[in-house]
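The two complexes that follow have subunit A in common; it is paired with subunit B in the first and with subunit C in the second.
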Partner chain A sequence: MTATMQPKSEAAEAPRRGRRTPGAGQNTRSRGRGLEFGHWWWALPGIALVFAIHYVATGIGGFFAFTNWTGIGSFKITGWANFEAIFKDPTKVGALSNTLFLAFGSVLLGNIAGLVIALGLNRVLKTRYILRTLFFMPVVLSPLATAYIWKYIFDFDGPLNAFLTAIGAGDQAKPWLADPQWAIWTVLVVLVWSSTGFAMVIFMAGLAGVPVEVEEAAAIDGANLWQRFRNVILPAIRPAVAIATTLGIVQGLRVFDPIMALTGGGPAGATETLATQVYKQAFALGNFGGGAALALVLAAIILIFAVLQQRLTRSNPED
Partner chain B sequence: MTQHRRYSGLKVGALAVPIAALVLTGCSAPAGSNASSGGSKEFSLSFATSNTIESPFQVLGEKYMEANPDVKITFNPQPNDSYDQTLRTQLQAGNASDIVVTSPGSGQGRSILPLAEAGFLEPLDDSAKELLPEGSASTFGPEGKVFGQATAITVSALVTNETAAKAAGEFPADFAALEEQCKTLESSGKSLFALAGAAPPNTGLTAMSLAASRVYGEDPQWNEKRAANEVTFAGSEGWKSALEAVNTLKDAGCFQKGAAGAGFDAITKGLASGTSLAGFIPATSWKQLQSAAAGSEFGVRALPAESPDKSFVYASANYAFSINAAAKNKEAAKAFLAWAAEPEQTKAFAEIDGALPVTGLDAYDFEGGAYKNIGDLIKNGKYGPLPNSQWPNSAVYDALATGVQGIITGQKSPDQVLQAMDAAWGQ
Partner chain C sequence: MFRYTKLTLLREVGLWALALLFLAPFYFLVTTALKPDTELFTTSALAPPTSPDFSNFVDVLTATGNSNVVMGLVNSLIITAGSIVGLIALGSITGYVISRSTRRWSKGAYYLFLIAIILPGQLGAVPLYMGARALGLTGSAWGLIVLYTGMLLPLSIFLYANFFRGLGTDYEEAATIDGASKSQIFSKVVFPMMAPATGTVTIFAGLIVWNDFFTSLIFLGGSANQTLPVAMYYYIGSLVSQWNSIFAIVIVSMIPILALFLFAQKRFIQGFSGGLKG
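Let's look at the complex of A and B:
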């Protein structure tokens, strides 16, 4: 049992030990000379392209956040005016609140659902391979295409309202995506549906590393199902939880296409997020400076939450 | 030695960066030189398209090529919902088509005034000036210059399924009668109007149609007064009445069920099937609907005003041909525009588009056509340009369009929407 819980495997240690042996050292040196041809500067073209495409472009975009550029013609530097306008505008503040709600809601519900499915399909069940594929399918499908299918389902004349009418609950039928109270929850359902499969796969990879013997030993010691999950499985899959939640938050904060397809940010801004506002301001309303400022705010929020979340879920405090 | 090798290696690496950049950017150079060597008989044309029906701009271009076999036009149709963004990006990058379809005024991404002020459009000559609709010269260019050639007069009013309207009784003559008919139709499972409540262009046009008789019929110069800060949306009784009318229409059951979440397909479906009698869509749509629902007759009507004598419609040149200031084939583009400005071509374009011709409107025979119900209004001058073409930016229209959706869903009051429009005006 101790051996299985040891963090560093023998295999992982082998190369380090091998380096200390004299013969192996010579081999490494001769191999090293051969590899000297591959100097760090071989990466320069790639680094330059990445720098130009990602960092220079982002930097220029960031610069426009401090201007009143409309996307064409000349511009003036306006300092922090665009940022002040963001926090004074109730629509933008509403978009920020919707962004956080959808990101954390989809991460929480998507990860819980993904973990439950992963636990259910981890072992024993004969149809688990087919079911895994089915649950993972939403991740593979185009978010835009599936969002349009969901839009059809939630339409006033769509299958959901037809079903409600068929079971005698016709008075509950409503235009789900245009209802100010329900629209945001409807969007959340679609986001959770699309993110569950991804979380499931990460948790399944984590669960594959949990030895059966440990669970059996805990069961023999008298731990019930919940105690085994809480004290054995969950600590063992903590890195998987960290990955699934971090990626989920980043994805949730910048979600764009499903919302554009489902509601376009409506009704009257009820499902507007920072990402849809960035698009609207920069490209639909010709307020490129305002859109760039919003994009910077969104990037800062993603960075803050990603770092916070990593710190909260890291398994080793020294990491 | 190692240092030397590293130094020379660094030189090779440093060279690799500009070479890679040259390889990547060099690809576009031959294409550009080919395009410029195309000669004056060749040019490109960009326009927006939103359905599978052949665009009237393309049909006109093909007619030009038939008449001039030595001319080659490259058509660049763009999806309507991304046309503004694509056009601005291409103009900014210097690779837009030689001729681009624009809109007069300043309220949209494709509007002439901001594009002309940014130096992206070529000033046009007298033939374009002759086609300027009365009273709209200022929307075609600043300082007396003209940067767009009007293509047709587009009416923005109600497109009606005349067959279904006749079956439902007489079309209401005033707003009170309209409310009554809404209630009657609702009880029979139909609606007077098909509304795309989730599509801002449609909610915006609905509100502007309600403002036609209440604001612009009363004071055609209202936009100019707003620009001079003499009036405001929030302080305008006419605008307040127009937005309150949205609530009135909703309460009277004038819109189809689920209208708040409906898209444009609900209008097409409702009007084509006759479950809805009318829609707030550009009048040129009557022709497309006619081809989709062959058994029904479609026409154009004014939205009933509070009293019949106050009726007012929008009729203006909503689209124009403009020449890209960086066009490689300006002469060929100008020759096309000169041809398109001929009375025969303006008439032909209007017929293809289902619009009214930009010239000879006084002598136009409205009888028997789709526009027969608004013929008198046009002849009596009871029409004006679409208001948002004179608004300073697209944020004002966006505030109106999303606000109307908010009124329908109960999220916003007319006063809040009007205040938001005033705030957007100053942006």
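Let's look at the complex of A and C:
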């Protein structure tokens, strides 16, 4: 799941790169001659498959956003009625704010944790590769398996409450997942746990590109740890920050599996997100039109934040 | 100046402590799975089992019907391998053509794939299901391979296309001079050169398909060809708070991917960070 969104930022960045530096050798040389070492129709099967599975299906789904279709039988075109209904329904508005909270919360905490670990593992540590492997382990697990493990940890008879009791804070023990106030924080913990390793790897790759000499020079000039981080390391790993945060946001906005397995959106809608609502409306409640409208809203939000994020993190002078 | 000092040792010890805390969930996973039913509610959730017991694992591996884990394992393997093959074959050739072609449509195609990655899947899920059912693609491993290939193809194409951008055409030119045909150039010269991109695609696609739950739940609905996550879901659905049995199947389901990761962890992590840098 974590990987789903990987190429997004790359995707957003690549064409721009292409536009700005068009003459990377072969591009200019073969301009006007089309494809030199292949046939253009080689791309047809791929294009056709993507077109059918992504565009045709999504287009049809998008069309139903403006209807009252239930998923079977006939339907009427209802215009913007589905969208009006979304903003009048407190559950869906709540789902919207939960989605934003989880996306930004998990990106912020996951990236800070990932950066701190990456900085800690940077250079001279003897066991850095073993540690890197350990911190990365949660990333390869399925969201479903991850959610089941944490469901037990937060269970009333589970380890967390047992630990609290053991250290004499037994009065703090509660059914975490069933507590409307705490449930969303448990989801946040799970999201951060499974995304930290990913952010760490991106930051480690970024840090590896910071020349030792520059850091040394700054240290000799009397820059303290914080100044070195702020003025030398941070500017150098800016692309890594851009990638890790953009992916995190897009990934966070779509969060579905962990919530379905952990809380199912409950208690009383406290952990409902746009993606779980889309699923429930379209598949469980037979309100396909409403679900499609919600999916369209989700798509628009993802698009806006992906573009915004790219703009913000990439606006450095030499760009 | 970056020598190993006492401070570094402190940092190393601190990170190990953090790592152990971070991986505490695995401790609960293993200890609970080894608890026999009688110990589940009598021992503390923090304590290891007093008499470890593998009967939960035996139960998991011998379950039948919808929650047949061995079947799920085999199906997941077939579907993951098939999707990876499809994604490498179609992704490499499509990525090659759209990144090498200078015609205007290739840029259009590039954006077509770019936007396809952002579209949320749920919007197209119902129309896709109806289309797949009409074509007889539901309920079979083949159908799911086609679906996963289509769903992840934009990702695969991007990884390949970005790889080509940084690659000159010298080898292709040399092969042309040597008299190779266009298809020979691709299969004998270009494709082997793309090994790093192929590695990244394999890791991404393998991980996503192997771990995916939602798609296989919908498209394999009710058939005997369940994938591992779906088999796990059904198995757990029949248990209430029997965490020892639940964790036994969770462990069984994560062993293959975890083993593969630990075996090829360097390749995994390089794939993740390398695939992103383009």
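We take it that the second predicted complex is superposed on the first by the 277 of 319 C-alpha atoms of A that agree within 3 Å, B and C clash if a C-alpha of one lies under 4 Å from a C-alpha of the other, contacts with A are read in each partner's own complex, and residues count from 1 in each chain.
Simple rule for what comes next: a contact is a pair of C-beta atoms (placed from the backbone, for glycine too) under 8 Å apart; a residue touches a chain by one contact, two chains touch by 3 or more.
Values in this document were obtained by computation on a predicted structure and should not be read as measured data.
Put simply, more of the residues of subunit A are touched by C, taking subunit B and subunit C as the two choices. Contacts of A:Leu312 after superposition: neither subunit B nor subunit C is touched.
In the superposed pair of complexes, A:Pro175 makes contact with subunit B only, with no contact to subunit C. Contact with subunit C, but none with subunit B, is seen for A:Leu303 once the two complexes are overlaid on the shared chain. In the superposed pair of complexes, A:Gly71 makes contact with subunit B and with subunit C alike. Contacts of A:Leu285 after superposition: subunit B is touched, whereas subunit C is not reached. Shared-chain residue A:Val93: touches no atom of subunit B or subunit C. By the touch criterion defined above, A:Gly269 lies against subunit B but remains apart from subunit C after alignment on the C-alpha atoms of chain A.
Contacts of A:Asp155 after superposition: both subunit B and subunit C are touched. In the superposition on chain A, A:Glu216 makes contact with subunit C only, not with subunit B.
Overlap of the subunit B and subunit C interfaces on subunit A: residues 39, 42, 45, 49, 71, 155, 157, 283.
Taken together, the subunit B residues at the contact with subunit A in this complex read 6, 9-10, 12-14, 16-17, 20-21, 84-85, 88-89, 91-92, 109, 114-115, 117-120, 197-198, 200, 257-262, 393-395, 398, 402-403, 405-406, 408-412, 427.
Those residues of subunit A that touch subunit C in the complex are listed here as 1, 3-15, 17-18, 24-27, 29-40, 42-43, 45-47, 49-58, 60-62, 64-65, 71, 117, 120-121, 123-127, 129, 131-137, 139-145, 148-150, 152-153, 155, 157-159, 161-163, 166, 193, 196, 198, 201-202, 204-205, 212, 216, 219, 239, 243, 247, 250, 254, 256-257, 275, 278-279, 282-283, 288, 291-292, 295-296, 298-299, 302-303, 306. Looking at the complex, you find that subunit C touches subunit A at residues 1-4, 8, 11-12, 14-16, 18-19, 22-26, 28-29, 32, 41, 44-46, 90-91, 93-94, 96-98, 100-103, 106-107, 109-114, 116-120, 122-128, 131, 147, 149-151, 153-155, 157-159, 161-162, 165-166, 168-169, 172, 175-176, 182, 185-186, 190, 204, 207-208, 210-214, 218, 229, 232-233, 236, 241, 243, 246-247, 250, 253-254, 257-258, 261-262, 265-266, 268-269, 272-278. Contact residues on subunit A toward subunit B in their complex (touch as defined above): 39, 41-42, 44-45, 48-49, 70-74, 154-157, 175-180, 263-264, 266-270, 280, 283-287.
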